[in-house]
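After this come two complexes, each holding subunit A, first together with subunit B and then together with subunit C.
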Partner chain A sequence: MKPENIVLGVIGYDCHSVGNKILEVFFAEKGFNVTNLGVMVSQEEFLNAALETDARAIMVSSLYGHGEIDCEGLPQKSKEKGLDDTLLYVGGNLVVGKTPFAEVEKKFKGMGFDRVFSADVDLEKVVEILRQDLEKFAGKTS
Partner chain B sequence: MKGKDQVISIDIGSTWTKGAVFDFSGSNATVVKRSTLPTTTDYLPRGVWSLIAQLLEFPPDFPREKWELPAIYFSSSAKGGLKIAVLGLVPELSLTIGRLVAWSSGAKITDAFAYKLTRKKVALLVEKNPDIIIICGGTNGGHEETNLHNAAEIAASDYDGTVLYAGNEAITDEITRILSGKKLIVTDNVMPDIGKFQGESTRSAIRDEFLTSIVKGKGLDELVKHFGTEPLPTPKAVLNLVKTIAHTQNSWEKMVVVDIGGATTDVYSHCQSIQNSEKIFLRGVEEPELKRSVEGDLGLRISSASLFEIIAKDPAGANINLDKDLENLENWVELLQEKPQLLPDNSKQKEFEQILAQTCIRQSIARHGGEIRQTWTPQGKVWLQEGKDLRQIPKIVFTGGYAAANSGVDLYEVAFPTSKPADPEKIKLIPQKPQSFIDVDYIWPLLGNLTGIYPEQTAKLAVSSLN
Partner chain C sequence: MVDTARLTFKQFKSIRRQVLQAWPTGAGLTLEDGLAAQKSIPTEKNFAQAMKNAGEQGRVLLQPRAGVALVEEHIKLLQFLEEQGEADLLPTTIDAYTRQNRYQEAEKGIVRSREAKTSLLNGFPAVNHGVEACRQVVDRVNSPIQVRHGTPDARLLAEITLAGGFTSFEGGGISYNIPYAKKFPLKDSVDHWKYVDRLVGWYEEQGVSINREPFGPLTGTLVPPFIAITIAILEGILALRQGVRSLTLGYGQGGNLIQDIAAMKALKELAHEYFAMENFSDYELSSVFHQWMGGFPEDEAKAFSVISWGSAVAALAKAEKVIVKTPHEAMGIPTKEANAQGLRATRQMINMLEDQVFPASRELDMEIDVIKKEVKCLMDKVYELGLGDIESGLLAAFEIGALDVPFAPALCNHGKILPMRDNDGFIRVFNKGNLPLCSDILDFHREKLELRAKAEGRSVGFQMVTDDIYAISKGKLTGRPK
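Our next item is the complex of A and B:
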């Protein structure tokens, strides 16, 4: 089976690069073909890269608390670009303050993201979910 | 009469066939003689033979069998030069890289389309009859559908030129099958990963294609047979020269060349695309060290109408103050359309010529260079860069007929008179007070043909011939 392509990056004006590098190495070790766009990535860059690489998933990180405004509209633009089969994951410190994670998750799912993760999530769990989601998708389209 | 270290270089342009005899016997190469004749478009070799006779001072009745010829190298942009159409996926990514590769091969781009071709676009594409259609897009192992669709559309069309596939390599077999009825060349993906430029294999395939099929039918194959040398597309000759100078001449590693012509203004640059800094982040494609761009709407004769449109939109930017002047300029441009060979002969016309040329220079350099904008993040101030950073360029060379006629003028200074108070948030990445030079003898395109045999001497002569 060929490795699945995923696109990774930190959205908006966010320069946090350490976690981004960790995610790149981690997903590559798990057998994914990772296109890492690095930090300060715009919505358009995520979508253009996903289109050229035929990515199965876009993994958006945000660490600086402005995730909501940066991510707004991304799922809709993704549909416009024809990326209907591309999963949209988002994770990190998505909002400022101590909002309960359940609320954050609800908000971002409402925006159209498929999965929402907190900053302290176990990455092994994320990979497990990603594989399940990709399988579900593959079952749907074939 | 002629030493054995003499060579002839010829450039067959769309209007003029230019040539010169160079002497490489001493440590410094010299120009022995230079000549120009109209291009004989119906049969190119006729003009070339007349030019050679003039360069070598043969009497008119001297039979050609008796001619003793030195080595002859040549380039051609006759009959529209090398025409390429580019099909890519995303405009900011693969299509941008595809265009950069075509330009740096010395081509003229007839069309550049992103995403899937419609029937209407196929018709437009085929009508212009490019020598080569490049299909690119999709990283390796990435997007497939658009290229398969576009290949099928080309396969079904009556296009009979060459198709060059330089996209996602994972579908090469399918592409080869779909285009089995066409002349197909497959090269490395021009964008193997997001934003990565990989043009070498495609450029060399384009060069081979230029030699094997494009040269035929324009009479150039006859010259190849006689000279025993192969022609270059004219812009490719200039690219070779820029590269050779940058690699061999002290203090010339970073440079820009602007060629202001009748139909287009071409800009060549040699420098790193981005300056190393932790505070600068690149958006989009990382552009190559050696880059060429072509502006089809900026030219002093054939393209003067589109050039006038640009000036009319912003007369103050072009240093035109009076409405009446604008009207007179329009009349002059109309005249140029009718008679492209016209030269300005009074002071007003000379001023108009200067306004047109300044706009070509200003616009073409601004488009060749990128842009950087400042932005604040919670971690402090950073810069976002798009395109190539030309601010580090210390030297700029102007070539072409207009430049040669304006020796002694600082054309850069004239085109960018006072640096306006820059917008601190958004900066055009153009050269900052570079030293200006003019190719006064208009020999750079000719020297470009000789970099393969006498690289260092050619580069040295090119630099020392500047004014």
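Our next item is the complex of A and C:
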């Protein structure tokens, strides 16, 4: 099976670089073809990279609290660019202040993200969900 | 003696005209107006004075991090940390948009925060609020305030906050670029920070002391002490050259008691040595210890334990100041209550240990000796590459990876060095990249890592690095296999 392309990056003006480097190694080891945009990535850079690489999923990270402002409108722009079949995941410390995760998840799903993860999520679980989601999508389009 | 590397007043004024035009709040700001405001501030609110007193009295001062989007809420937050958290020194942490000079986005954050009735910014956008708002903040608290941020070009921020009465400014051309930016040329950030240091130097010449603090912990993730110390010394020299006098050098907790105390001792001793070599004698040097800067446990009870361990080491290492974490660290920006809890947990530990002395030992002396040798390897290379000048030397050193910070986002950083813990929890070098460490030092590191590999029944490799990065948040110092 051909490796799936995914795009990875930290959105906005966030420069938390450690987890991003770990995620890159992790997803590559799991057999994905990772385009890592690194830190301080704009919405446009995410979408352009997804178009260029024909990515199946965009994985957005945010650790510094501005996630809400930075992510606003990304799902809509993604559809406008014709990336309807590209999964949109977001994870990290997405809002300012300790907030129950259910609230954060509701907010970001409401914004149009397919999956929302907390900063301490088990990465093995993320890969499992990603594979299931990709299979579902594949079933729909083929 | 005036350093030849010092910006002339004419150069400074000409840059200043442009700097003030970057955002409307800079327009019409005069140095004299800022000086008058600084001169009206009582001594007990002067940060440089507080650091000097702490050194003389052998005290450890407590400082939190804190900043929100709106002025009134920011003032209330700082007052709360003074009253309920018993903080000795206050911060004003600047939001991440301002740190990248994105004042338009910061403005949007202010508006949205007003609508949401909660801060949507991770700090106080001081440039957008302007000089008068800063003065209100200073006026309505009792303790000295430091600007804490992560800004490669902090020239306008420094102009506004110093004219606004803040008396300490964190950062430096290396430490606020390499861990905090992606595409900012190192030469530019070093130049911009020369301006900031010159501004502070100007205040000093007019009789107002402003404290300067290079950011010691860098990426806060397994940074070997010698790398942090070398960069702190380099930024210290750059600051002194521009006329800075009150200097606080920092170091972030690594986790091993011996190594952390050794690092704090080596930091001060080496700073004095290199400053003397550069012909500086007229300065006040103090040190700051940062409680663990890496990932924290989610469980607040466990987080308090990490905070307390950092407090204990700060006291035993005789730091003048400790930067305090909160039980919400794993979740991001803390509430004011959580912030005050971190401060009180720290206070109890500092009070219990302030009069105790960590005894000299063979292990401690050996570790100090190792760190000094390592720093010398790096500093020698910087002098060699710069033909005796540290500024051109450090730029050249970063270019070839002779200076390298682990896990940093900046593209101007080599990013080849990989650290990990040895079997006793000391941070050692696994992959040296291009760091100019001499062979006996490298053998020493390798030997120590092999001991761990043997104990864990696996070979030294990248998995250990990953395991170590997440170890503390998962409940242990060293990332052992299950």
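Simple rule for what comes next: the second predicted complex is superposed on the first by the 142 of 142 C-alpha atoms of A that agree within 3 Å, B and C clash if a C-alpha of one lies under 4 Å from a C-alpha of the other, contacts with A are read in each partner's own complex, and residues count from 1 in each chain.
Here, a contact is a pair of C-beta atoms (placed from the backbone, for glycine too) under 8 Å apart; a residue touches a chain by one contact, two chains touch by 3 or more.
Worth saying up front: this structure is predicted, and the values here are computed from it rather than measured.
When the two complexes are overlaid on their common chain A, residue A:98 makes contact with subunit C while staying clear of subunit B.
Contact with subunit C, but none with subunit B, is seen for A:18 once the two complexes are overlaid on the shared chain. Legend: residue contacts after superposition of the two complexes on their common chain; A:2 is shown touching subunit B, with no touch to subunit C. Look at A:120: by the touch rule set out above, it reaches subunit C but stays clear of subunit B. In the superposed pair of complexes, A:64 makes contact with subunit B and with subunit C alike. In the superposition on chain A, contact is made by A:39 with both subunit B and subunit C. When the two complexes are overlaid on their common chain A, residue A:54 makes contact with subunit B while staying clear of subunit C. Residues 13-16, 38-40, 64-65 of subunit A contact both subunit B in one complex and subunit C in the other. Touching subunit A in their complex are the following residues of subunit C: 95-97, 99-100, 102, 105, 108-109, 112, 118-122, 150, 179-182, 219, 221, 298, 328, 330-335, 338, 407-409, 462, 466, 469, 473. On subunit B, the positions that touch subunit A within their shared complex are 89-90, 92-94, 137-139, 141-144, 191, 193-194, 281, 283-284, 375-379, 382, 384.
Within the complex formed with subunit B, the subunit A residues making contact are 2-3, 5, 13-16, 33, 35, 37-40, 42, 44-45, 48-49, 51-55, 64-65. Of all the residues in subunit A, the ones that touch subunit C in their complex are 12-18, 20-22, 25, 38-40, 63-66, 68-69, 93, 95-99, 119-120.
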